[in-house]
Amino acid sequence: MKSKETALDAALNQVKDGMTIMIGGFLGQNAPLACIDRLVERGVKDLTLITAVNAYVGGGFGMGKLIENKQIKKYIGSHIGTCPAAVEQYKSGELEVEYYPQGTVIEKIRAGGAGLGGVLTPVGIGTLMEEGKQKVVIDGKEYLVETAIKADVAIIRGYKADKVGNILYRGTPNSNPVMALAADYVIAEVDYVVEPGEIAPDRVGTPGILVDAVVLGYGEEKTQEIFKNLWVRDKKLA
Amino acid sequence: MKSKETALDAALNQVKDGMTIMIGGFLGQNAPLACIDRLVERGVKDLTLITAVNAYVGGGFGMGKLIENKQIKKYIGSHIGTCPAAVEQYKSGELEVEYYPQGTVIEKIRAGGAGLGGVLTPVGIGTLMEEGKQKVVIDGKEYLVETAIKADVAIIRGYKADKVGNILYRGTPNSNPVMALAADYVIAEVDYVVEPGEIAPDRVGTPGILVDAVVLGYGEEKTQEIFKNLWVRDKKLA
Amino acid sequence: MNARELIARRAAQEFKDGFVMNLGFGIPVLAASYIPEGVNVILQAENGIFEFEAVTKVGEQDAYIADAACQPTKILPGGCTVDLAMSFAIIRGGHVDATVLGALEVDQEGNIANWALPAGPGKWMPGMGGAMDLLVGAKKVICTLQHTNKKGESKILKKCALPLSAAKAVDLIITELAVMEVTPQGLVLKEVAPGVAVDEVKAVTEADLIVPDSVPEMVL
Amino acid sequence: MNARELIARRAAQEFKDGFVMNLGFGIPVLAASYIPEGVNVILQAENGIFEFEAVTKVGEQDAYIADAACQPTKILPGGCTVDLAMSFAIIRGGHVDATVLGALEVDQEGNIANWALPAGPGKWMPGMGGAMDLLVGAKKVICTLQHTNKKGESKILKKCALPLSAAKAVDLIITELAVMEVTPQGLVLKEVAPGVAVDEVKAVTEADLIVPDSVPEMVL
């Protein structure tokens, strides 16, 4: 058995200028913060970013830094409003934005990972979402054809991984398990790496066969501290 | 909080002649055996059965009994060969059979439960599966439109449920979690019913909001005995 | 009582016991503070939680659990987490009984515009997030908004001008002046706010309002 | 060595270290007994298990864990369970490195028929199970079958006569007589079984066989 545990930089070597990447997390929560921070330092650029929503409100945190640092050429997701830099760059023409309803984003990713050409959704019928898309009628009802998307690299956030890449999630897994299906190279940032067998088979949220590299992130203690400080700063906690 | 714990017969009153039902399980394993056995006794008929595969090899067990008892008018799934009664009734014209590849069956069910009109799959292109179906071309590649299906009642098998219907699975959950999305009335047969909060939030495989009735099945001890005897009889165990 | 509180209090009356509900940010979340006694609803956070409440005291938070606004959150007994695909399968699949959300504009056919503000030629922001899925998927759509914009112009229109979030999706509109229901016949004035006359509502409503013989006052 | 064992032994050589593999019933499962030393593959059971092995001793079984043939099964360290949608997402999505499965017929274009036997007019049995998904989704498709049917007729055809399971899906065909590869140029004879002459293979092969100058014997 070859261990998939990989040094952060060795894994991030897979992310090259111009690539399409997926990043898990929801407004930065359960997002791969250590990988993102290091990507900012590494300065890889012209990336297309696929994500469910966007950065934590106000910027300066998580994937907001990638956008502030102008490493993202194109954003594919459901919302940019939480990230002031994204809004500014979109207005100025520096950032291309491709919107999909959040439920559609995750289905497009799932379709990409599951070998489907796409899904038929009623969401978006009668709206701008129809533009340039095929429609299919089933029993007299119209559906949009929403095609599959994939990425070169997906960076996801788990809690524990074993050395063969099985991932256990903690809290809300959000988009992470689906993104693990849909990229050529999947990096899982976790707090703990354990031996195979230490995660019970029915506690595995992402099978190890989908994961290419397991990297240690900031760890549990620092993660708790990061969010406590963030939430206290923003008066969500007192 | 109203408890969803329901007497077996009270729950099965929802299954009426002529209805479409889904039954979880894979060759009878992790299938709702107590509900099935009682449906046989109750004699409800002209059912359309949606299931991933079919009965345990050789018949006389699980959903095989429903077919042997001629309660099923139409079978929708991927395989009938394990159930001699199904093969006979299909040949004689008593049983209508609608085949889909197993991965397509589960996607059709998921689409039904997830509010999608269907999915686009490459599986079946160039085969009999094309008959009567729409096709969509994406980037020059053909896909079959496989439309959503739903049931009047889904009968699934979990291990534990809490009183608000959250389900914890043991072993292979197979089609059960997907079927829980895709029926007007969802019956979950389990071995244990516990109080809300006793199943950790991240151990829930099917959210309680999807489940209408929780019924006690044969229980863990008898389930172990049933399968031990079955497997010994068939020389899978010695 | 200010307009927000009034709308929230009235919206809270649409919370029915046992409902699975998804609440937009702002007034809809505020409405949860006014749920009538004896009514228990199951809240969904679209990032993948059922049955939760915000935690606001340092020490009670867990970095791994937050709601769809990234507010630290506690999962209540009987609650659970799911991934994003399941969360939206549940939304789009009709398993959410009601959603309450805001709007920029809403019209008499139940069309709603709530995500797209002009950001340049062919550019819109901030993005729809999960709203379009909720509008299509939830069994009942309740739209809460101020009756007029800052210029005093009606947000209850004959036809939405901004890009739609969904067509013919809204069931009930609640403002600080009125409750209106979208019906096959048109937009029906169901209730007026305490002390507000029907004519006052009509004066600031661009939509054609069907006014029954008797329009009761909201009971707040 | 009988035909089944020979085919299984040769098929086992296609198991590569680290491969995720899905094995059909019969010869493909038998092949797993002959995996070369030092080669570890991750087996998938399509009902939703990765890394497992059969248990055959009373007392070792668990009623809640069985493979896709309902054989009591033990999950090995590093293994896991998934639901059926995920299991087939993984299959169809190209995450399985190779599948080995049987066939009723296979042809020189890589078409394969492995599920539909006539059961009456327009009726077929026993059903495709997960085979069609595997044929389309697995990165490499290895077809193991006896070279001829009971009547001595070739099962390696110019064109399949039975309903197809998938078009142009098969990469490698292994019989008790030969190993053949489906290439853009046609069906290439890669190896013959020990003691079998090329002409013997050609004599019982309906398909057009491309025969290289030198055809090595299988090393078993």
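A, B, C and D are the chain letters, set down in written order, and residue numbers restart from 1 in every chain.
Operating definition for what follows: contacts are C-beta pairs under 8 Å (C-beta built on N, C-alpha and C of every residue); 3 or more make two chains touch, one makes a residue touch a chain.
Just so it is clear, the model here is predicted, and its values are computed rather than measured.
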Touching both chain B and chain D (chains): A
Which of B-C and A-C has more C-beta contact pairs: A-C
Euclidean distance of C-alpha centroids - chain A vs chain B, Å: 33
Whole-Å gap between the CA centroids of chain A and chain C: 28
Inter-centroid spacing, chain D versus chain C (mean Cα positions, whole Å): 55
Centroid spacing, where centroids are CA-atom means, of chain B and chain C in whole angstrom: 36
Multi-partner residues of chain C (each touching 2 or more other chains): 49, 81, 88-89, 91-92, 136-137
Set of chain A residues in contact with two or more other chains: 107, 110, 114-116, 121-122, 170-171, 202
Graph class of chain-chain contacts, one of line, ring, star, complete, other: other
Full enumeration of touching chain pairs: A-B, A-C, A-D, B-C, B-D
Contact footprint of chain D on chain B as seen in their complex: 26-30, 52-54, 56-57, 77-82, 87, 90-91, 93, 97, 99, 101-104, 106-107, 110, 121-129, 159, 170-178, 205, 223-224, 226-228, 231-232, 236-238
Complex contacts: residues of chain C adjacent to chain A: 45-49, 55-58, 60-66, 68-72, 81, 83-85, 88-89, 91-92, 111, 116, 119-120, 123-133, 136-137, 163-168
In the complex, chain B residues that touch chain C: 1-2, 110, 112-116, 162-164, 166, 181-182, 195-197, 199, 201-202, 204, 207-210
Residue numbers on chain B that touch chain A, as the complex places them: 107, 111, 114-122, 134, 136, 138, 141, 143, 145, 147-148, 169-171, 202-203
Contact footprint of chain B on chain C as seen in their complex: 18, 20, 40, 42, 49-50, 75, 77-82, 86, 88-95, 136-137
